[in-house]
Amino acid sequence: MYWYGEEIRAYRREVRALLAEPPVRAELDALHERPGTDPDVRALYRELGRRGLLAVNWPARYGGEGRALLDAAVAGEELARAGVPDTLYVNTVQIVGLFLLMAGSEQQKATHLPPLARGERFASVLYTEPGSGSDLGSLSTTAVADEGGGWRLSGVKAFHMKSDLTDIGLCAARTGPAGGRYDGISLFIVDLHAPGVHRRTIGSIADEQFHRIEFDEVQLAPGDLLGPENGGWPLLTQALAIERTGLDYSLKAENWLAAAGAALGPDADAAVCEEVGRYGAAVDGSRLLSWEVLEGLAADRLDESLAAAAKFYCGELAARIGRWAPTRVTGPLPERRAAVLEAAYREAPGLTVAAGTSEMMLEIVASLALDGLAKEAAAW
Amino acid sequence: MVSVEADTVRRSLSRALRERLRDAAGRLPGPGAEDPAAAAAPTWSALVRAGAPGLDAPLDAGGLELGLTASTAVAEELGGAGLDARYLGVAAAIDAALEAGPVRHAALVERLVAGELPVTQAGFEGAVAGVRAGSGADDAVRLTGELAVDAGPETAVLAPVALAGGGTAVVLLAPGGAAVASRDPSGAPSRMTFEGGVVPGARLLCAWPAGADCPEGPAGRARVRQAAYLLGVARGALHTGVRHATERHQFGRPLRDFQSVAFRLAAAHVEVEVLRLAVGRAVHLADGGHPYGHRAAEVLAQAAETAAEVSRLTMQLCGARGLTGELPAHRYHLLVRREGGRLGRPGELWREAGRRRLTALARRDGAG
Amino acid sequence: MYWYGEEIRAYRREVRALLAEPPVRAELDALHERPGTDPDVRALYRELGRRGLLAVNWPARYGGEGRALLDAAVAGEELARAGVPDTLYVNTVQIVGLFLLMAGSEQQKATHLPPLARGERFASVLYTEPGSGSDLGSLSTTAVADEGGGWRLSGVKAFHMKSDLTDIGLCAARTGPAGGRYDGISLFIVDLHAPGVHRRTIGSIADEQFHRIEFDEVQLAPGDLLGPENGGWPLLTQALAIERTGLDYSLKAENWLAAAGAALGPDADAAVCEEVGRYGAAVDGSRLLSWEVLEGLAADRLDESLAAAAKFYCGELAARIGRWAPTRVTGPLPERRAAVLEAAYREAPGLTVAAGTSEMMLEIVASLALDGLAKEAAAW
Amino acid sequence: MVSVEADTVRRSLSRALRERLRDAAGRLPGPGAEDPAAAAAPTWSALVRAGAPGLDAPLDAGGLELGLTASTAVAEELGGAGLDARYLGVAAAIDAALEAGPVRHAALVERLVAGELPVTQAGFEGAVAGVRAGSGADDAVRLTGELAVDAGPETAVLAPVALAGGGTAVVLLAPGGAAVASRDPSGAPSRMTFEGGVVPGARLLCAWPAGADCPEGPAGRARVRQAAYLLGVARGALHTGVRHATERHQFGRPLRDFQSVAFRLAAAHVEVEVLRLAVGRAVHLADGGHPYGHRAAEVLAQAAETAAEVSRLTMQLCGARGLTGELPAHRYHLLVRREGGRLGRPGELWREAGRRRLTALARRDGAG
């Protein structure tokens, strides 16, 4: 993994060439003319989808390119480096898409994946609620079975980004008795254009706004259930883990360090060099960790502890660099660069909270890895 | 002023201000709708009604001469409520205007003391002034260069300018003056560009020690006030964090009952207490006429770092809601960005203070 | 407190003059010719005792100078600055002496305090055991009542410094039923020269070695009980709190920073200046915190949370500076200075453990201070 | 060497060494009785019996040419067991002696590969060499200056010397040579004082990039090995901490069940994993003939800081017993002091690496 083979390098060049095509450039340039806003990037994504840059590792029959997972990671890296806002990509392709591939029925895959791959439809992850953040066991959204074998979904999901314009949601809801915390939870694919779905924006200091979605007796069909009824919790744990390659956070850290570094220049004073040296090694280290996770996923090994470690390390690092970068560069900057760095500062606090708080990640690492370490130590 | 009174002055002032400022804080708009100028207006009028601009001005300038004891109490309350810091610009401008004696800028001081002119400080974050002053006609001054300013056009700007003859002076730019302003929609400070615009020479208030060695005078006093403001920010953030961790439950327990949360809040509380004592000492020294330049550099650096650290913790505890209008946490986060380095980055301040200390240690070592 | 009045300044000058007298200087010089060792400093202490520098704030009838507690702190500061090793002073005068003053009977005070004040006898604090460090509720040393109204003491106390040469010990032992963790504990003043007391050294990487004391059916008289029988726990809590002014730690931090700073010199590079600036402010801040605690004690206010905060802050700071100082100074140093800095590094880890671990201190602060803060916050 | 084999080489080497080193570790004296020379002897003979000195030497010098892959595996195992680092001095001396080609220092290399000459590295911690070399009779070299050395007189010393004509070379001082040694009783490194003593010119092995910009060659390889050693120290300290926290109970629970302990151990584990990956990459690059100077600077700085941080945590968890012979924690604490800055302070290494990165970023930014 320390070394990209020639095949991967060739694919990277291909991706860069596709990203340099005029229709893509035009969409990217248009985005960057509106710094400090939360723009609709669906048109850009359609251009990406047309070029096969979204669902790189999905099988061709679901609209993908049939390439390896590591190729998909390379494409993700290049999208980030080109300045493609990543929320829709991460949610639609990396989380909901990958999860559908892993756990969806044939029917579900055939229905949902191709439009996601083309950048024509988009997906949200709907776990958190106003009253339950890290503690998903306390979620209160319910799906009540009806006579037709379907359910009626009611409750509120909150603090997602871009869910004002997504089309489907991967939603966790209670279907079983109210007693157990982890029993009786099921996962659904919900059509967000259905009657009874109400969306509202929650103002955030970050460029990307939060949204809340209220479900008011939304009708779900039998085919909307993902995995076994009342048996969603283990699946949810798995779904959470595949969010946690850390790669998207590592890429943010890299982008922000690059923006600050370019503004600071090679003649920066010793203190700046020291900080850049330290952050730079950490960024590259975070990438190594993310790739470890990805290599595991590519080989069908889901290492929950490693994934949590990667989310923890990459998220903390990106947050630290996001806070550091704008305060380190003094004096007026070119407008676009200033906008990137200021946005980083305002985005930073969310990075150690989203996709599992740093505390949750440490809890997972502690509970899964320390036993092994204690045994290793005793064997020495 | 007499030192035993200081505590009383601080306490009554804080009490008196707190209620007025609570109103102002209640009227702050949530994230997404922030127009700094509009948001700052209620704060400023509350302060003017309380007579705050004159508290720390000399008696013969129409002030109450209550010293840093009073102005740092105001600053701390503002920071604690997460409110705009333009008050500190006014206090600094009064100090600077009076450096040349009570007469020269008397009219300006009168307007400042009366609260007619909110002032923001800009351009002090680096060791070198970004705006240069050449001579214009008569005693006027011709300005060139750029300045990052985070206030609207209704606010005067106090800024350092590099003089053609060497050295740095501080200038007060009246609203709508010599600059071409552009507002940055991203939330970054606006840019004021000076393309040779002319201001009257009388706007040069006094010399300013750019890249200085622990200055006292207007620059040193401004540092202590900024430190008090950031102490307030740290305290306000800590309060927000503790309160949230007390009210919010997870896995059936208040957040505060988790050891990692409790320990981090406790450590933050200790840091804030140490900062409080250090700021108090700096104020005491300055108001008592003792040397305080070294302490001014130290407390500003310490305050900036403590405020950043505590606000980081609070944002983490408050989670996604901390970024939204549901909790005030985001205010402290944004103020740390805006005010933490306004008068210089902590790293550079620590260097100033550290070099001073090493010199003293070498002297002591040589002596014995 | 920010400001020493003229009276205190005058007393400080007086202390400095006493410390400069030839017999004291001779003892100090002899110490410094044996760096890296754990010397017997009792002769030096006798010189200090003769000059009234030990029990500054004790009443004259107990051999003290009858001065204020803040004067005692000034004397303590000057002793540290003159290079007097502080363990015997802290244990004998600041902890056991002060505690006897607060909680001892008239008879106990009259017997024990004067020789301690004169530097003729010395005291140890005997709480911790091989199996119970922070968790004193698990201590297992027992004192079994005998027919004569006295007790027989058995058990092992460990990890004290200088207890190879002290004369009395303030010892916590179980006198009640084995059931309760905090009930049934009593405090005793134990004669360490009594039959059945066995001492042994435990090698440590720090200059000052640890010792363990084994009590094998040691006879205690009725008058050796300090405070109520079986009611030692609240007293012990109090005794622990008066250990925790943090002043001794703050003084170590100051000494080490001064030694490193003098070696680094005023022409040090920017990075060194930055670190010295930060540590310097923290050292002075730690002193402010210690003096807050002392002022409280002087006014008979024992603020347990503040004391824990001071121990935490001062201990962590001294440990940090102790680790930093020798690695910051590069190249060969004068031998005595090198010895001071290397010893600091080896002493550092103990500073966040002794007199209450940093974790215990945070626990105390959290449990005592956060409620108040929450109320303050709500009142705002 | 072929890259797919690297993992296999490392694994078998580590396994083979571990048992021998466990014996050596078991024979370490406790605190208070430490004589570094005597303590290091069993380690050194275990390594010689395992053929370690020649693993990373070229085939035609009598070595196995297994590259950094092998020597970093040895270094990591030594650090993990808390054992003496003289092996790294030997490996560095072989590299330096071979810079001038296989012939010039052939006899010396033979002795080093045979394990006849333990070597300690000294004087590399600062950017400037403390010993100066003037010319003596014939091609001999006259040395003046001082060196802090933490090994007894039976060990050779590899040290940088400033050449009269400018530049720095590295010299190998045979035991009992040109220096006046004084052993410091405090545990601080001894001092070697050179008062014009003369060594043969042949002892100057090669040029050495003092205060360098991410060097490769002997200096770069020495950095990677030192990083691997410190990775071992970090891992050993972590093992010690986790084990103690698992076995030790407080308030009726294992220490590890306290959230603040669990979180800190988990975070330390993550840091060690990241370091392990980074060291592995540097080794891979160097052995594969790719540029690695930037990575060598980075991993050494990162390893020193991680080892210090993890050992700090372990000492805290082990409490008073960590300072004594009851637990091995103190070994890692002392090694962090002795080895953490041996080839340069982390701060200076980060500056080197950071400047290199800023140059690359500026180039990329300029390019588009």
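Per-chain numbering from 1; labels A, B, C and D assigned in written order.
Simple rule for what comes next: contacts are C-beta pairs under 8 Å (C-beta built on N, C-alpha and C of every residue); 3 or more make two chains touch, one makes a residue touch a chain.
Since we're looking at a predicted model, the values are computed, not measured.
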item	value
Given chain A and chain D, the chains that contact each of them	B, C
Pair sharing more residue contacts (C-beta pairs) when A-B is set against B-C	B-C
Relative to chain A, chain with the most remote C-alpha centre	C
Mean-CA-position distance for chain D and chain C (Å)	38
Chain A and chain C, separation of their C-alpha mean positions in angstrom	53
Chain A, residues touching no fewer than two other chains	270-271, 274, 359, 362
Touching two or more other chains - residue numbers and ranges from chain D	258-260, 263, 347
Complex contact set, residues of chain A against chain D	2-3, 258, 261-262, 264-266, 268, 270, 272-278, 280-282, 284-286, 288-289, 292, 309, 312-313, 359, 362-363, 365-367, 369-370, 373-374, 376-378, 380
For the chain C and chain A complex, residues of the former touching the latter	269-271, 274
Chain C contact footprint on chain B (complex, rising order)	3, 18, 22, 80-81, 238-240, 242-243, 246, 256, 259, 262-263, 265-267, 269-270, 273-275, 277-278, 280-281, 284-285, 288, 297-299, 301-302, 347, 349-355, 357-359, 361-362, 364-365
Touching residues (chain side chain A, partner chain B) in the complex	35-37, 128, 133-135, 137-138, 158-159, 202-206, 209-210, 271, 323, 326-328, 330-333, 335, 338-339, 341-343, 345-346, 349-350, 352-354, 357-359, 362
Residues on chain D engaged by chain B in the complex (per definition of touch)	258-260, 263
